[in-house]
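Note that chain A is present in both complexes that follow, paired respectively with chain B and with chain C.
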Partner chain A sequence: MNSWSLKGALQKAKDIIVGPIIAIALALLLAGILIYFSGYEPLAAYGALFKGSVGNINSLAVTGVRMTPLLLGGLAVAMSFSCGVSNIGIEGQLYLGAVGATIVGLMPLPVPQWLHLLLVLAAGFVFGALWATVPGYLYAYKGVNEVVLTLMLNYVAIYLVSYLTNTVYGPLGEKGASYSQSPELVSTARLPILLKGSSLHVGLLVGIVLAIALYIFMNHTSSGFRLRMVGFNPHAAEYAGIPMERTRMQIMLLSGGLAGIAGASEVAGLFHRLYANFSPGYGFDAIAVSLLAGNNPLAVILSSAFYGALRAGATRMQQVIGIEVSIVFIIQAFTILFVTAGTVLSHRPSVIKKLFRFSKKSPAEGRG
Partner chain B sequence: MHGNLIFILDWLAASIRYAAPVALASVGSVYSERSGIFNIGIEGMMLIGAFFGILGSYYTDSVLVGVMAAMLAGLLCSLIHAYMSVTLSANQIISGQAINLLAVGITNFLNRALLGHLSGVRVPGFAVIKIPLLHKIPIVGQLFFQQTAHVYLAYLIPIIGAWILYRTTWGLNVRAAGEHPQAVRSAGLSVERIRYATIALSGLMAGLGGAAVSLGEVRIFTQEMTGGRGFVVLAAIVVGKWNPALTGLACLLFGGASALQTRAQTLGALDIIPHQFYNMLPYLLTCAALAGFVGRTVQPEKLGEPYDPEQD
Partner chain C sequence: MSDIILRMEGITKQFGSNVANNSVNFDVYKGEVHTLLGENGAGKSTLMKVLYGIHQPDEGKIYVDGAEVTINSPREAVNYGIGMVHQHFMLASNLTALENIVLGMPTSRPPFLELNEAKVELGKIAAEYDLHVDLTIPVWQLPVGAQQRVEILKVLFRKANILILDEPTAVLTPPEVEQLYKVIDQLKAQGKSVIFISHKLNEVKKVSDRITVLRHGQVTGTISSKEANPNNLAKMMVGRAISLARKQPAVTDASSDKVLEIKDVTCLGDKGVTALNNISLEVRRGEILGVAGVDGNGQRELAECIAGIRPVTEGSISINGQTVTGVVKDPRIMGYIPEDRRRTGLVLDFSIAENLVLKTISEPQYKKFGYFINWGTVYKHARQAIKEFDIRTSGPEAPARHLSGGNQQRVVLSRELEKKPAFILASQATRGLDVGAIENVQDLLREQRNQGAAILYISTELTEVMSISDRIIVMSKGEIMGEVTPDPSNLPQIGEMMMGLRTSEQEGRANNEQLES
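Take a look at the complex of A and B:
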């Protein structure tokens, strides 16, 4: 792991990138067939998709805005999945992170803007991690299935935010507003805009910096190695004297905290207030984002850019060509399926021959 | 009749209406979880079922064809999940999530392409069937025996499901596949084949449950109309302790909670407790059940783990 060489790094990058690109191409092809048979011109549709996502500087800005929560949420997924913990409560932790950011962002603190922003993001991390505490404890110390647990808490979080922002009785609600929302954050708690005239905000940079930091932490520090070992070889980890319970708890908290930053960045960067139901399922899409990236934090930057571009371009595709935005979900789903199948099949080349026979050997990556 | 009684009857009736599709879908999922396969794609399979139920019923004017189309569509989705999670031993969460995304995409896309011109026209749906004699029983008859066809199925199928799971050899095999797959293999049976069968069953039943959502009441398709019922299935299985009959009852409990929050306003209860807390109730209950606060809950030993014959 520490014997770094350019050739090795290139080979590794190739391994990470080639599979997903084939998967994306296949997914676009299949979706293209579907577009064709529903009476549209696939090339024109994809042209609009391309223009709407990367065609000019404004489209790129929209892609960046869509990409930001997927990047931060994707890191939260990568953090837990690469350590064998299936935290699918990203959505809920994201909502709670947004609550934390809102509480700190509404306070007119007598501090410079950079410090206020740091506190806002830190509050997002803390609240996201707090929301992961109970499932983390039950999973790590009591052996409760974390999948259902974290999934259920997503809905609790969504209703909690709906309560908090209620304009009549919600503690954070703006009295008399027509939609469930909080008042606007004070000006020092708003993330600066990166591109004048657009909504692209500093949250994107926060995501990129965190991706690099997480990559270094996971791959080049002994703490990161300890966390990952719990995932890829629990027996060896236990034998090596790693405290399983505490480590699993740490993984869950770190993952929840990252998800919380995703929510904080939406509030402080994009909306400048907390809305009920503000996330259109970013926490769930983040699972797809991280999967496409093979749970590699650096690759999450690329895959979130791809999914962000799909989202941004789909709006234009609907306006210009008239194709439902939901074609994007189909492309996403096919991509996930092909990437997953491709990863497994490439570990077992012989499987092509016995594609329709039942498996005799399980691949290296199992659950998580 | 007394006002309170009317309220309670209305609430119970609404609970049953909500619970029936969920209970139908849950039976298949209990089987797949008992055999070791986790299926969070159940929401997507129900949504696909809801759409193809409407589509089949619209093109043929036959509810039965609609139901069959829904079950077939659910089956096809489940085969994707089976191939990914059994044959390829891939992560079960991911392939389930892929199916959820695929379902939202495909139903929205096809709905606009094929049924977009309908704009609110209702297709033939399940008819109300009055059970002879029983429906005349005061209150009980009105509540339980003047329902649409799928509700009766939802009474029966969980009980039959429990009987098969606990009283037949195949049921034993299913349970063994999720607890001690190596024992199943030693007995000369294929764990993979058992898991394929239970996943297929979960797809068929999710399709039926989805058709019950769309053909059972509104008889039109609306975007994402299953609205998280598939996730309620996952919750009900936990509360029902992986027993098909108890899971059916848990669905009724969740139906009750869901119907209560829409009716809490009439009770004046919203002044004391905001409606969001009623909405949270089913999910909190599930967490409590998982945490062991509601009796002992033990999930199948190998749930979510791909079977690796060389490991044992």
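Take a look at the complex of A and C:
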């Protein structure tokens, strides 16, 4: 590596990390005040949160499990957002990816486990991408607003999975089960467990590898260069001869595919079957994860770990201190608010200046 | 005439480390036209934004009618009788002129809109100042000159005594400019004061009583228009004498190869109406063909058709014998300096190095291991370009957003001229640049021409087209009005063509005038 890139990379890392850390600190502070006024001890609550998420090897494993779908989904968001495409359909694409993984995972294929797993993940990618095809086409070629398209299809996907897993008439449903679910995947289609005695599965590694791969693709290949160009300035990209329709379609498909892998990893790694409503909104939380990470794939690893830790620790916090789990969602929401506010302010220094001017009370105000 | 209505004293305004205004003193008498002259970036706009309450000065005082005031917002500025006519009109295009004028004003019968009283009052103002506009039609249907009159009416309706006109002639045809001068005379006669902002040397002497010249945020002098002439003004503006016109003989003749050939091209504009109507032209090796005309007469569409971004509905365009069907990607065939470098020429959040390889990133010298970008060579290439084109920057990794307009344009030029293209399309290549940077751009283009490039130079600045072109065509309403040589004696003819009169149709002129009146 040349000296410029090391220096630049460090500077970039600093630029990306400092803002979110301040935002997280402010969010914890504000939520702490809420906890206090609810009649609990904030420090004790955060202590429990901390212990439950990173306190020991088992809680770390829980954090890892919770972060995996957020990481993969976060990459899907980062992929589209950094290319100027607002794919809000991660949740639906994640459900469809789970369907693809289930179909391939139920087949007793006469192949080695690694190949079967690869096929399961590939099916997740393909199904997620397929679910993004229609909104992708309408957006890229017909100019329809992609936010509305992808958002609405989420609900279609969730109900589609409820239908598919229905125990009476669902094509993938387990007949006679008490909950809408598919039969268990064959053993070769289950992702190996990383830590014995826990649920931590290989999906986390898949996510980390994909994050690194996505980072390299976006920053060190000419295809990624063009995608970033489209994201930062579509007009200049068009003038440079980049076919906009096709490129936008590609972005949507890649993003949908990544979301599909998130669903596939949950099915093949954690549940080993497809459940109706299996995602508690991972696809939506993934947007927050990516925003916190500034849509940088490597930073998504960190931000998904943070959100995963919040989720993992929340259970313990409830058990030990008695605080509702929902405080975690409040922390999450505050974090995003502060990150967004920080971004807005850093682009408009005049706003900050004005804030300070008000606080100092300018002599002009005494005039009137 | 001798009462000072406005005095700005020791105004200093800093943006970060950039001092936009440095202890500027500026005053205006009642009934005076005081011109603020300076290059782009000299601090004219900042000073006026301070006066109009958009910026607050770091230091300095403002006196209106002898009393010190603090102006915190445009609304307060209006209360002090200061009105601004922006260069880019602030009109809601789908509202009528009348609605635009009363927009934001309290109504006399709240909560209902009272337009009739306003209409009566505006009628009086219009008669007083010779500002005749149809108030009842949506402003997008009004010609640019009339839209400007709406803006002036808006300001007068708010009882302004001091009118700031920000580069008001930039968008007007020569006859519209004459009309504007008459309005300014009326304003003066009625005791209003006008601050006239300009960077055009030739117009300021005519319109002003006094001229204050700004350079790098400082006042270089205030002189009466009697003492002013283009040479001493230019010297005050740029700090050295500049050659206002430099000619070099063309290196082409009729036998040279045709590089760009446009045959009977028609195309649609953004609103779906015909923007180019049956245009034919050709540019040969080693010549610069200038395209003159008032902004918005098809020049942008012509450039976009040639660039392959706007579809041609009829006719054909070919470069080096190859028909243009989409964006010409080969930088050896075409270099394109687009009209709006910030929007289409650069990715502002990309570094200089990245911007320099927007079109060539796939070339083998920027690759390693077949698939990955070799950032080492990309940066090496950028350092060379920075040196060769004298791009003033902290380094190749600086974002293009942080460069000044002139340096941004150097990045674009460096990228587009690097491969010595056979054809160069320069569309408003000097827009927003200062005199020094304009010289620089023109010199680079001349050099390319001398090496055999064919250049189409589209500009709304007539003096620039005159100084660089070997031949000139004039466009009006999407058609070519005629072709002339860049000889100063042809200026009246060019002016007529800009108004939409064909050289061969002079006899139709009387007819046309009847229609207009």
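Simple rule for what comes next: the second predicted complex is superposed on the first by the 348 of 368 C-alpha atoms of A that agree within 3 Å, B and C clash if a C-alpha of one lies under 4 Å from a C-alpha of the other, contacts with A are read in each partner's own complex, and residues count from 1 in each chain.
The rule is short, and it goes like this: a contact is a pair of C-beta atoms (placed from the backbone, for glycine too) under 8 Å apart; a residue touches a chain by one contact, two chains touch by 3 or more.
Fair warning: this is a prediction, and the values are worked out from it, not measured in the lab.
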Partner chain in contact with A:156 - chain B first, chain C second, else both or neither: first
Once chain A of both complexes is superposed, is A:229 in touch with chain B (first), chain C (second), both, or neither? second
Quick check for you: in the superposed arrangement, does A:221 touch first (chain B), second (chain C), both or neither? second
Of the partners chain B and chain C, which touch A:114 in the superposed model: first, second, both, neither? neither
According to the stated criteria, A:145 is in contact with first (chain B), second (chain C), both, or neither; which is it? first
Should A:324 be classified as contacting the first partner (chain B), the second (chain C), both, or neither? first
For chain A, which side has the bigger count of touched residues, chain B or chain C? B
Shared contact residues on chain A, chain B side and chain C side combined as an intersection? 363, 367
Which residues, counting only chain A, touch chain C once they are in their complex? 2, 4-5, 8, 216, 220-222, 225-226, 228-229, 232-233, 235-241, 363-364, 367
Contact residues on chain A for chain B in the complex? 34, 38-39, 81, 86, 88, 134-135, 138, 142, 144-145, 147-149, 151-153, 155-156, 159-160, 162-163, 166, 169, 284, 287-288, 291, 324, 326-334, 336-337, 340-341, 343-345, 358-363, 365-368
Under the touch definition given earlier, write down the residues of chain B that touch chain A in their complex. 38, 40, 80, 84, 86-95, 97-102, 104-106, 108-109, 112-113, 190, 192-193, 228, 231, 234-235, 238, 274, 276-277, 279-280, 283-284, 286-287, 290-292, 299, 303-311
Can you check the complex and tell me which residues of chain C touch chain A? 70, 72, 307, 309, 326-329, 336, 338, 343-350, 354, 358-359, 361-362, 366-367, 371-373, 375-376, 379, 395-397
